[in-house]
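Have a look at the structure below, then the notes.
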Amino acid sequence: MSIKLLITGGTIDKAYNMHNGELHFVDTHIPEMLGEGRCRADIAIETLMLKDSLEMTDDDRERIAAACREATQRQIVITHGTDTMTETAEYLQQRIDGKVIVLLGAMVPWVFRHSDAAFNLGAAVSAVQCLPEGVYLAMNGRIFAAGAVRKNRDEAVFEPL
Amino acid sequence: MSIKLLITGGTIDKAYNMHNGELHFVDTHIPEMLGEGRCRADIAIETLMLKDSLEMTDDDRERIAAACREATQRQIVITHGTDTMTETAEYLQQRIDGKVIVLLGAMVPWVFRHSDAAFNLGAAVSAVQCLPEGVYLAMNGRIFAAGAVRKNRDEAVFEPL
Amino acid sequence: MSIKLLITGGTIDKAYNMHNGELHFVDTHIPEMLGEGRCRADIAIETLMLKDSLEMTDDDRERIAAACREATQRQIVITHGTDTMTETAEYLQQRIDGKVIVLLGAMVPWVFRHSDAAFNLGAAVSAVQCLPEGVYLAMNGRIFAAGAVRKNRDEAVFEPL
Amino acid sequence: MSIKLLITGGTIDKAYNMHNGELHFVDTHIPEMLGEGRCRADIAIETLMLKDSLEMTDDDRERIAAACREATQRQIVITHGTDTMTETAEYLQQRIDGKVIVLLGAMVPWVFRHSDAAFNLGAAVSAVQCLPEGVYLAMNGRIFAAGAVRKNRDEAVFEPL
């Protein structure tokens, strides 16, 4: 496999809980999304956790970093909640060398009719095959280097620092 | 605007004709797709034609080439039918210098529930920002250089030559 | 089972053929639609044929009539193409007694994002439980008695005669 | 107009709030749903409130009853949250005469890919045209008389008492 895809949770993978009317995690939808995208890239998927990124700790970030180091692949895609995606990107940038790492998430969960999830996943899978070594975010149709991007919470978009 | 997006038609933009039960072109869905993807890349859209790529002539290809040359942008994305996408890519490769050109289409029109359109559009918009000058296809989650790819019609996927 | 659901094809069940870009029949989507509607009505499904209703012959109509007669259920729902739905309804009306029969179809196949299929199926499953004996169409949010309705092809809607 | 459609909120009309990742009310989706269903029934829509049905008070129920009384139409459809739908149905049954009233909601909001909303709306719009005077629920592909139905919260379905 030439790409490692690490799943950590985030809005992209939230599902509807009929019993309380809230969103929660059940299982990842990433394989279904890759299927819908008719993706034939060589991708090895590993689910590390299914977490809201506001609840992500440095222990979780270290687990992600360890998975990046252990991956035999040079190209790594990571799904992640948008709230602390920039922090995890910077954490990885300071600790991982010799890899191309692209983080992505979604503003609207994939299970919604008008989600940005498929667009963003396509962007990340594509970017990881084209970019030089480093850590990046693929969000809002743009590619940002780790450390050069922030989430604008009022507009719910990522923008350059 | 930093990216030019040229629309030429293809499966990605087919719509349902309730009057005869067939698929046809009405108008492009690309702006709606970029909206759903919450795309904030600087993209100038131009609709050159809405054609099934089996009906595309060398005159049409020359129009596409002319639009690439006239574009002030260095980065160009082109939507295209899958049947002759590789031919148009090679045509452009032989005639256009100094540009990054990424073609994309879809195996299933965007108006269907399980379309690959959003995934492919995300891939192309992302790739055009990361790749060096040249002509490429972004399909099936992979990036192919023009001249090094063919459509496998039996499996309905693009694969390396 | 208290409701018999006979499947005959029609637009509602058309799927996309990636190999030639046309619509065709593969298998019915009705069970998936009932699942999405979280339907708990007692329904016994039988696929009689998967036909475009323009190609439906009187032999086909006789097969449908026979299935209505043989059904142990009093309530019968029939999926059908819209082009000759009114003819089949009249055919059944002249031949079947002691049953509540509701035909439905769709103007846009279920596999499209903006299909009327689920709405129409809900309408038919509901109507068959409420109506007195007779043959009816459930289309466009209305209930029509067989013989009192025509398809307006220009506007692609059913309307009273 | 021959049908009055009263909107009161509930799961069916919940939307995604990108700013906090929760579901909330913005505006009703019912007109869009009727459009997708290609509904041509004569329907006059009135939004009474957009409320989670767990927060519905007897004042709210009285407002709904008043709207039913004031409606010039004999046929009334009401969208409603599922948690107290049976209570509102019984409340109306004790207070309203001479009307056909059908309540509906959804287990999954319409904005989700796999919602039961369109199916249920079709069922209610259809039932209100076929049923005799009284108050009913149209859920799970079944028609229940007010007072003879309960929500099974464990299975998230409505069932006979």
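A, B, C and D are the chain letters, set down in written order, and residue numbers restart from 1 in every chain.
Basically, contacts are C-beta pairs under 8 Å (C-beta built on N, C-alpha and C of every residue); 3 or more make two chains touch, one makes a residue touch a chain.
These figures come from a predicted structure and were not determined experimentally.
Common partners of chain A and chain B, by the touch rule above, are absent. Most remote from chain D, judged by the distance between CA-atom centroids, is B.
If you average the Cα atoms of chain A and of chain C, the two centres end up 44 Å apart. Per-chain Cα centroids separate chain B from chain C by 38 Å.
Computed from the mean C-alpha positions, the centre of chain C lies at a distance of 25 Å from the centre of chain D. Shared interface positions of chain A, defined as residues touching 2 or more other chains, are 107-108, 113-114, 156.
Inter-chain contacts, as defined above, occur between A-B, A-D, B-C, C-D. The touching residues of chain D, counted against chain C in their complex, run 33-34, 36-41, 43, 107-108, 114-116, 118-127, 129-131, 138, 140-143, 156-159. By the touch criterion stated above, chain B contacts chain C in their complex at residues 11, 14, 16, 18-19, 21-23, 52, 107-109, 111-114, 153, 156.
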